[in-house]
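My structure is below; once you've seen it, I'll send some questions.
For clarity, chains are labelled A, B, C, D and E in written order, and residue numbers in each chain start from 1.
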């Protein structure tokens, strides 16, 4: 078996030699010691001294906002992440290897930084990582991943549907402290990043991307060590048009109709059913509101106050209409009762007069 | 092949030697015997004598409550779990290894305690484990995991929507008894834990985190052996505002309107349609209630009793209105019938009188 | 490399020797020949002669009923399954190995019976298997698994919502006939099992666990061989309270109101709109019923008959009211026409009389 | 290490020898050359000459129809698939191996035909394959799989809800042409298959299994080669009862009521609101219809025509009622105007007469 | 062990030799050096010189459009993708190997181009790749995959439901620039492709496939290098029939009814409730519209304008009716007041006259 393997190897080398020898990837592969699975290279942080820090550059492009779930307080978007990190063992002199400036290596053969997004609430299966890592001559490695990212974000719904949301996407290492992994951002400045993202964004649903800001900080974590963090702060603002048209204007309209219904003649017998119909439709809208917004106590969203205000106004107006109607009918009864009597008396009087006059 | 491997190894070692020799991770890696997959270290509980107990410290941070499903009796939240355990074989003297105080090792090379959450009802794919384990010089190992945890909890909905829920998250080993794995909690005291969680919690949806309590117990399990358990008891309370505004107040309002409708004049012909409209809208709210709450028998939630009570009151009022209306119209008929007669008689009398007077 | 490995091994053994030598797991590990992946032990049924049967004991605890989907005819529940099986190669004398009475081994190193649930309709990812197998000195192996089990069950919905359902959960081997794998149940008797499950059950949603029965049978399968089956028959009964309150009582109430509406005075002009409103609300309830129950032909659920019956009754009553109203108004016209004439004649007569009397 | 392994091996063989030697699986295992992972056996089509065809027998049992999604045009069902194929290298003489007539081998050690279902639209995780393959002495291999299969099917909804659907489930190899893999059906005849499936089917939801037909064909595929296909044509028919009760009858009923409403007295003032209520409820049913059926142009389902027809009829009847009512009131006005005049004149005349007569 | 392996190998070779020796796959397998996992062949781009470009031919067949999500701006369809690429190391002379023209190799043994779809928004588990790769004698490799593809597409909903959508499906390499991987399209021309797809498409839901166009471009990507892209531009058009029938026609109908309601006699007391009922049903349709379409600001879809227009018209008409009714009743009051006076005076006058005449 061993002989066979050797033969195969030689054969392969032979094949390679038939081409210009130093221009195949084979020699570099051999030089980088990747011919066999190397437990150390694949598993340990690639630094020469353990006190060295591994720099990791993260670059995230947001190319789509799918939806914002107000109930679960999550935002869903499409991101494309490129990660660069330094590797002290895998570098080469391009002049020695026929100017090879990049080689792709499968993920499993290398140590990969365990960077994750702290706010991530998506299924781990929603990430698609490239199967290969690019190695560059200067010892940098690069890998990319596409992510249908669902991340939690404390939404402030007070101004709904005219709200802006500011959401953080925080990258950090799951286990390594800042002594081991230091996160840096590659992008030049925030404005440039924002502009680029605004350019490539394909779908935004009902949201407008306003701004992207990038910061790096240190935070003391669960193990009482400082961890490096890279924070993308994404500011988005809702496009309120459809909510205005479908929710705010009809509600306002119902209020106007309710006020206008004071001019309906009491006698027509349509006033109360008109008003109760309006009240019912507002209570239907209230239930729809419950489906849209979560139940929060500290500060009610103004749209909830708006709804309740209109509901209360219309409700009071129904009660008022009933009271007025009752008072009017009561008054009428009071009036009628003596009126009839006098009427009757008049009639009797008249009759008497008439009868008398005939005599 | 073997020669090649050796060369590569030597080369690597050579590389390492060019740096301060004892400050690379390589020597430690070699010392810990991790250069090749070791079936024993990766698969068997790391104790020197089998009678020794492996202590496992669990630390869970709840940093988000997403939603509570009243029908399925589940609670969904984001948790961050840190697990520490002792490893008798993997320890080192920091002075021998250039003060290395932590080394990261892939999960597959080590035995990991099989701790699970007994109430867990989430898809196994909803957990994201760090790919690496941190090893410390004193033989402790640490790993972390992020979890979108859905766990069952016997919800008590009697006081809905003014309810507090107390849910247990119980950690235990899937196979090992207390003789092998002993769960301990690292956190100092409960109050400190609660405060920390309240501080880091990002999203709470419509719930307020009240308290977190940590207990450890022993329970006799399926194999008639005592198993160690670590229980986090999480107390949360619902924010009832939106339910009050959207459900309780409108229902109450309909009751008031129904009672007020007794003052509507019988003659106007709007009373019954007014009342039946209210009855219908209450039955719509009843159906919405069915969507919110599960069908339980032992003790009805008070909100169900509230709904049924109002439904019954309004229903009886409709019947009463009909009866009253019928009785009134019957009375009228009875009155009219003789009245007309007397009228007629009067008229006849009058005629007779008139005629007579002519004679 | 080989030297290195040997050194590491010796070192490890050395470590072990420093503790009481025969009390480490190492010697047992070695004795059981698990130091390296053994294709035979990991892949072939562990019997000394192929004619021997491997006994598999299954023990399932149902600790939660989540929901029953009437449309898809599935039941969802949480189960905890413990599987024991005999292994002829992996046993030891406890006295030789310092009284070790259990050792945990990763799943991948052993042959595991391919037992599945025939009615299983859940995603394979909904099962969480313990990563380790417990081995006992007498050659028995044990593993456990937690399952969010969705299983099909031919639901009998004739009596909905007062229905009891009897569902089978059938364990059998996917490939092996009864000559290879024999399923036995460990639990003493059914009553004990039922009581235990009733004790541990956490969440039952709208269902009550009535009974669990355990049977073993043989069935001829696709390959014309007898396969061993272990059947858990779970009997659950629905808690009908909320359906009664939300569906049956309102429907009955609408019928009563419809009947009572015969007493509404024809003259008031509210009768028809009252009745049509009731009819519409019943048709809304019919549509909700369609969402709850599947369309089956053989025997309609009584609740469907109940709904249709009430719908038909109310419908007929609407038609009746219209007919009566038409006949009444027709009669009135007929009456009025001559009445007016006679009136007119009377008036004419009177006038004449009056005029005459003047002469 | 090597020594250790050998010892273990010998030990194992020794164990085996203590039992009747030729009755253990070990000798067969060794004979079949499965002791180590064999790249060739596991990866290449097992034929002696590459021109030989590998016959694959597929046998699918449909034991449950879960649901049909009319919008996405998919059908979901539970299937149990048994696949047999010939293996030229793995066969044995039963007399040499103690009459062993079957041995189970893990999937990873063998080449498995890459048969898939062309119409499959389900998540790959919805399939549960048996972890083992059964090998028989004559060189046939067998494996089974359970599948919660969602497959696309061009539904013909013209006759909804009285529709029959004919769906194909087409098995074929993903890469191999008919020169390499030939699909054959094991089942004797279709009628037998249909009867068997009808017997074992557990849940059918709202569908009735009518017939299963099995055909094999050749089709030219993407690579311009003939591929072997095995087609199961499943015919199912919908049970329309609930749709009739909940949709067709109420609609018809509304039409009858609308026609009957012509008899409502104009004077009662209920006619128009009666009719508009009917119109609105039909438009609600129209929206429900939109949720049930996809928007197709070529040929409208008759139920859509039925709905629109009734909507149009009722709509026209509302307009008609309004026109009639307007004409009547117009006529009345015209009549009243001169009538009053004549009345007045009469009254004046009468007065004059009366006055005159006094003179 | 080694001896054993060798024996097995020889045995296998022996088996092969008993068949016509050069017609088994074995010799080719050996020649291609696939007998053992080869890290280089499996992991590095198979070119002889690194400056060579690997050509990748992609061929995608769209055989089903499932649904379009207007809210999330995604399109779901079934695709079948065939990928060809050149491999410089794996080729053979067919005459040397008994005319073998294809051999299937497992994916894991080869380097596979990392082509992905840029717009892909589907779960990575929704792809089913063939487990094998076909190798051809000229060094081309082929693999296929079936995909339930959900991809983002900037939908233009201005003309909804009469809209055409143009969606791009862009294939590109995740890591390699155009210097390494060049994407080419195999299909002859677009028209042929469109026709073929139109032929094989099984399910289209409510969409019609209009056209498929194929382009190749170069784009500068995140790493400032040119990447090769292959773009399928799919044009689909919606079948609007059901939307017209269920949404547009009823809305129009309500407008007509509202206009027609001007002819309802004021005196009948049905006008206002008729109009408010229409207004409410339009507001229900508005809410349904909100569920269908996302909130976009730049340009409102015409159907939203259509809805709002009709809502506004009906709303104004309700106000108008109320104003008219009020003015009429006001006028009547004004008229009545003096009329009664004059009446009274007349009556008084008459009485006086009558009385006088008696004198």
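We take it that contacts are C-beta pairs under 8 Å (C-beta built on N, C-alpha and C of every residue); 3 or more make two chains touch, one makes a residue touch a chain.
Being a predicted model, the structure only gives us computed values, none of them experimental.
Participant: Enumerate, in label order, the chains that touch subunit C and subunit E alike.
Facilitator: Touching subunit C as well as subunit E, we find D.
Participant: Specify the angle of rotation obtained when superposing subunit C on subunit D by their C-alpha atoms, rounded to a multiple of 5 degrees.
Facilitator: 70
Participant: Copies subunit B and subunit C touch; is their interface built from the same residue numbers (over half shared) or different ones?
Facilitator: Different, since most residue numbers here occur in only one copy.
Participant: Distance between subunit B and subunit D based on Cα centroids, please, to the nearest Å.
Facilitator: So the centroids are 34 Å from each other.
Participant: Would you mind pulling out the distance in Å between where the CA atoms of subunit A average out and where those of subunit B do?
Facilitator: Centres of subunit A and subunit B (C-alpha means) sit 21 Å apart.
Participant: Check each residue of subunit A and list the ones that touch at least two other chains.
Facilitator: 5, 35-36, 123, 125, 269-270, 273, 277
Participant: What's the contact topology between the chains, one of line, ring, star, complete, other?
Facilitator: The chain contacts form a single closed ring, each chain touching exactly two others.
Participant: Spell out the part of subunit E that touches subunit D in their complex, as residue ranges.
Facilitator: Result: residues 1, 4-5, 8, 11-12, 15-16, 18-20, 23-26, 29, 34-37, 59, 61, 64, 66-67, 78, 80, 82, 98, 100, 102-106, 109, 123, 125-128, 130-134, 142-144, 146, 148, 161, 202-203, 205-206, 208, 238-243, 245-247, 249-250, 253, 256-257, 260-261, 263-265, 267-270, 273-274, 277-278, 281, 288, 357 of subunit E touch subunit D.
Participant: Within their complex, state which residues of subunit A touch subunit B.
Facilitator: 2, 5-6, 9, 33, 35-36, 38-40, 42-45, 47-51, 71-74, 89, 112, 114, 116, 119-121, 123-125, 152-154, 174-177, 180, 222-223, 269-270, 272-273, 276-277, 279-280, 283, 286-287, 289-290, 293-297, 300, 304, 308, 311, 315, 318-319, 322-323, 325-326, 329, 355, 358-359
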